[in-house]
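For reference, chains read A, B, C and D in written order, and residue numbers begin at 1 within each chain.
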Amino acid sequence: MLKKSLIALATGLALSTGAFAQDKIDIVFIGKNTGNPYFDSLTKGFVEACQKIACNFEFVAPATAEATSQIPFIEAQIQRGVDVIAISPNSPDALNQVFDSAREQGILVMTVNGDITGNESHRDLTILPTDFTKVGADQVEMVGSLIGYEGEIAILSATTEAPDQNFWIEGMKEALKDPKYSKMTLVATVYGDDQPEKSTTEMEALLSNYPDLKGVIAPTTVGVAAAAQVVQSRGIAEQVKVTGLGLPSEMRDFVKDGTVEAFQLWSPYNEGWLAAHFAVDLKAGKAKNEVGSTFEVPNLGTITINEGNSINTQSALTTFNAQNIDEFDF
Amino acid sequence: MTESAPLLLARGVTKAFAGVTVLRDVDLDLHKGEIHALLGENGAGKSTFAKIVAGVHRPTRGKLSLNGRQVDISSPLVAQKLGVTLIHQEPISFPDLSVAENLVLGQGEQGWFSRVPWAEMTREARRQMDQLGVSIDVTKPMRGLSIADQQMVEIGRALASGSRLIIMDEPTAPLTPKEVDTLFGIVRRLRGEGRTIIFISHRLEEVRALCDRVTIFRDGSKVATDAIENLDDAEIIRLMIGRPLKEYMHKHNASIGEVALEVEGLTLPGRFQDVSFQVRRGEIVGLGGLVGAGRTDVACAIFGIQPAESGSLKVNGKTVDIRQPDDAIALGLAFVPEDRAVSGIFRTLSVEQNITAAIPGRIAPRGFIRRAIEKLLAADSVRKLRIRLASVNQPIGELSGGNQQKAILARWLLAEPGILILDEPTRGIDIGVKAEFYDIIGELAEQGRAILLISSELPELLALCDRILVMAEGRLTAEIPRAEATQEKVMQAAVPRQQAGIAA
Amino acid sequence: MQEVTPARPLWHVILVRPETMTFVLLIAAVVVASQLSPYFLDISYILRSFTLSAEFAIVALVLTMVIIAGEIDLSPAANMALSACLFAWAQASGIPMPVAIGIGLLAGLAMGALNAFMVIALQLPSIIVTIGTLTLFRGLAQIIAGDKSIRVPDWFIGIDKILVFGIPMPVVIFVLAAFVLGLILAGTIFGRQIYQVGTNEVAARYAGIRTRRIKLVLFLLMGLVAAVAGMMTASRLGSVRYDLGLGGELQMVLMAMLGGTYIFGGRGTILGTFLAAWLLVVVSTGMTVANLLPAIQLTVLGVLLIVAIIATNFIYSRTQR
Amino acid sequence: MNIVRGILMRRETGIALMILLLCLAVGLYKPQFLTMNQLRVIMLLVPLVMIVAMGQMLVLVARHVDLSVGSMLGLSAMLTGMMFRDLPQIPWGVGFIVAIGTGALLGLANGALVTIFKLPAIIVTLGTLNLYRGLTFIVSDARQVDRQFVPSAVKAMSQTSPIFGIPWIIFMALGVVLATYWFTLHTRVGRQIFALGSNPSAAALRGVKVNQITLLVFSISGALSGLAGIMYASRWGFVNPSNTGAGFEFQVIAAVVIGGVSINGGVGTVPGVMLGVLLLGCVAAALPLLGIPGTAQGAIYGAIILIALLIDRSVRQQGIASLKWMRA
């Protein structure tokens, strides 16, 4: 017994005498829900950053992505007295109150990978994977290049009220006004609620309702996989081109068998990496949370804080295709 | 009748439930090819004995031998394998399965996944039904068959499993006379095939018409076994009752007053029709008849549990409309129901709560329960009715049947009813407690209450009542003043006549 | 010849009951939770955490009464969502606030009445009926609100920020509700009759108790209280979405079961559910603040439910034959 | 008496008629609903529900209910998927053994809790619904098994087969339906399930081994959920700890109840359940085609359950207090 506690004491001393241990800040990332493969990669970014710089990191997430399920987790982190809460919010407004109490305790609240649109005043900063204003145009260009800039296209989205999705869809509609795309018509926007079953039936209905459909944009990881699967199962990869935002790990098969030629995404890893670095720099006084100020992040270079206290990890989407997909392990 | 080696030999069979002995040292021999009646009052032990033979209960002590071999009938399944089948009054069946399946289920010991031979099964079932001389479509589900037909299926099942001993527990009670005739014909034929039938009934004339020998039970013991022709009715009744009625039943002399309850043309289609009678203060009116004649239905209608569709009720001369039991209670009615466990007690609740259940207004004047008042009322009742218990806070389920019944009676006496309906108040109660009940009922009448007593026990009716009403097939068939009442008269009115249906 | 079963000794009556089990578990949970995380043992934190479950806990009190009466209602969480959605939708479309609140409460009552109608008038089993209405109510909420969240006015927000002697308002309401309902169940004739109906409905009817009316009142109360709880949730969150209170029925049933309410009716107390609500909050808060996987929480809740019923059945079979 | 049989007949023809009417109505408005392609969509939509519904039917006939089917499906699928991922050299056929075996064991556990502790199935399976889901998270470390790890042979089963290119999973569902049909009508134990549900106390008196049969029906329900689990992996190509099988119980119970299985036990037919599943499949396929938002689906399922209950009541006219049903 005594021996054990001595060892514990010794290891404790060893740890605390390590470099700057007392300055380490505590970061917690709260995902939308557990079992969501997207966050595996994002979390890895945090973990690897904290192995290099002065932070302790933990990942928690509720079992379901229901609006209020994150509240107890935020309350618990407040109680634990962490320094930074990074969160992918499940609701644009249900978390306002609890965010406020966290910030009252001096906790830095960052939304990561999605913002609380319309309630920005309740968080300190948001870290977005890419410049959301460009996503719509990029996706339209992608599908255009696949279908030869001619024919009917449709959008398979997540839920009707998902703010990011709707922002991108607006961007797509805006981009389609470009004369370059004048021969392309957007015939429908449908919603699969980010459920594989529903996304599949919606995709099937699209194909039935619009027999001349040439391309489908599914800017959601669940939707793009479901759409690809429908196309694969019907054997119509030549007629209907599916693209969108997807995870390489989920899309690898479809790219390899030719069902999907190309799709896009950003690097979730970099979101975590960047979030951790910003938090540590801010607490160390090396960065300021002010619009226009800049700071340096290894591997990513100089990062600028944009309008509305938001940071983008990369300026444009990464395109994945048969040539490069094996280079990505998320 | 040929004397042969006995089929069944019972020696010293004894059964106790929770320390109460209900069957004591019964010796009985049953011959092959005889119809043997078991007679006795309710609770005399005849059904318990039958259930032991059929493997439903296991004897506490005693031995059974079948065909000279000692057997341990540990379950109905074992009984069936030994060739013993019990046919219940309301046959236990599977309403959703076909007649044919009901016939074969539980027979044979094939593997779980062995095939069900539908064609063969149906053919066999048809053959059996034909043999019994009944026409039932064996592919139809049991649900919807008449009770008589269901009994036939049960008998068919007994035959199919090769039963040598068939026990029928009051099979005729729910049957029409015509169906009874059919049943008797079949039973006689079974006897002709060398099978033995135990016939339990309380109808002497049926026993006389059908049976070869009788065994009479009283208070858990066998008192006699003899050929039916050696006993006359009076002797049988004497043996069943064991002592003169007067010994424990006496009619108190209450003064009979105004009409308290008047029933006029009460009708509930399918249950009872055009029932009219009066009960006066201080009067005990008996309501006799066979089980299923509609007596309980009439009581339920008066009390508002299932109101009648037409007819009128007058309480103390005023026409009333009773839609709910609490309407009835407000008018000073009380109803002690027949089946204590189902419709009387709150098993897990305290005796106190059980006693005060019908008088919410008195124990809780403003909605809040006054514990002191409640305790006082309960304790008072316990003392008055001599309810034996350890504490009024005990769950009532821990009390003996008689004391539970007293508690239910206490519940209603607290409501201070002017009119009391008692439905089989002494069923399943020890003989000693029964006598107490008779005293109580007499006292209640003396206090000027009107009492309607429903009972299947003729001696009880004859001894206690000022008048006896008799029902048969939902109609009132007789009203007999005390002076003229005899068992025969009551029974005559109670047995349904074939023409009764036509006359209507 | 007549044997009298001896009464149980007083200590036995007082101690051998499911509430004791709940209380012991509560103490144990507090001890374990404070071992799991040094941050746990802080009254204001526990109170704040309780606030998050307070709405369910309030409904669970009424559910306890429904179960004691021999029925069950699995729809209140969906009822909370639908009535809150109706309320929020009404006020968002310009209907004056008091009217909107009235609409929400009326909707709750109507949902209770629908359950009551199917169970009492049509004699359908409440468990299946309320599984159906649970799906229906939440589905209707989804139709009304889509999946956008509807904001409520600022002055309506923050019921959990109102402190009474340092205790958040929802907790105060829960404690008061427990007190009032406990008094009704244990001290009034209405409460007494709930037990009697649940113990033996037929006998209750024969004893002149209006069994249908009691059940009707309970289902209506359930609907009304669920609507109130839905609005409390709306005030706490500041917005309403169709998934408000999703899965809450399990927590409510769990609170009732853990508190020793007998699933077949006739037995149970408000005190038990009161203790169980705290137990549940301590268990889940303890695990959350220790950053345990939510998976473990699901598992623990499932195990707790089964263990609670087994233990309750065992205790009742020992004490009341 | 021809009545009961007649009504049962009407029940199945009734559902068939409803399907027909629905298809015609939708087809009039959207002719593409009546194409081979759409048939394929529906046929690919229903197999999982169909298989699980067969098990649920047996459980309901025996007077119980199994709410944990979705979680059993999820856990079986997860274990199978993890085996595919972590032990890629194992032949894919083993996946079926693992999935069905896991499901059967989980179902057996449900049955054991019900029989040993005499607990109501509805509460037990409400508990295991959460318990099994939690276990799924724990064993998987809350991580999804991705598409690339599911053997292509398994995935191909949802796409094609040598027989007219009709996907294998449709044949599997058909096989389970036929097997259940044969099992319920032509085996002794199958009939005993009906006897047990029809009158439990009489069943015990007639030598029906009540406990064993209860264990059996729950195990079958579990095993079929397990089979549906690996089919989920085949159909969707991945297994997710939180999504896979979540909420499945409502679809299954809705389908079974509308298929004419009585919640009071003893009554139910395989063709009825099959039609019930098909009806729900048609509704699910028709909604997006008509442009009705998916959000309406929940309300429609709820309404369907309630309507089926009303039909059930008017067919049987049995005033059974709710808890009697649970107590049995």
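Note that in this section a contact is a pair of C-beta atoms (placed from the backbone, for glycine too) under 8 Å apart; a residue touches a chain by one contact, two chains touch by 3 or more.
Computed from a prediction, not measured in an experiment: that's the story for all the values here.
K.L.:
Looking only at C-beta pair counts, which chain-chain interface has the most contacts?
P.N.:
Looking at every pair of chains, the most contacts join C-D.
K.L.:
Centroid from C-alpha atoms only, then distance chain B to chain D, rounded to Å. What do you get?
P.N.:
That pair's centroid distance is 46 Å.
K.L.:
Using mean CA coordinates as chain centres, what's the gap between chain C and chain D in Å?
P.N.:
It comes to 30 Å between the two C-alpha centres.
K.L.:
Roughly how many whole angstrom separate the Cα centroids of chain A and chain C?
P.N.:
Chain centroid spacing, chain A to chain C, equals 37 Å.
K.L.:
For chain D, jot down the residues that touch at least 2 other chains.
P.N.:
Correct list: 133, 137, 142, 241, 293, 295, 297.
K.L.:
Touching two or more other chains, which residues of chain A qualify?
P.N.:
As it turns out, chain A has residues touching two or more other chains at 34, 61, 63-64, 160, 193.
K.L.:
What chain pairs are in touch here?
P.N.:
A-C, A-D, B-C, B-D, C-D
K.L.:
Can you name the residues of chain A that touch chain D in the complex?
P.N.:
By the definition above, chain A touches chain D via 33-37, 40, 61, 63-64, 160, 190-193, 195-198, 201-202, 204-205, 207-209, 211, 225, 229, 232-234, 249-253.
K.L.:
Quick one: in the complex, what on chain B touches chain C?
P.N.:
Chain B residues touching chain C: 19-20, 303, 305, 324-326, 328-329, 335, 337, 342-349, 353, 357-358, 360, 363-364, 367-369, 388-391, 393-395, 397-400, 402-403, 411, 430, 432.
K.L.:
Which residues, counting only chain D, touch chain A once they are in their complex?
P.N.:
30, 32-33, 35, 37-38, 41, 44-45, 133, 137, 140, 142-144, 146-148, 152, 158-159, 236-238, 240-243, 284-285, 287-289, 293-295, 297
K.L.:
Would you mind writing out the residues of chain C in touch with chain B in their complex?
P.N.:
1-7, 13, 187-190, 192-193, 195-196, 199-200, 202-210, 266-267, 316, 320-321
K.L.:
Quick one: which bits of chain D touch chain B in the complex? Just the residue numbers, please.
P.N.:
For this pair, the touching residues of chain D are 1-5, 185-192, 194-195, 197-199, 201-203, 205-208, 266-267.
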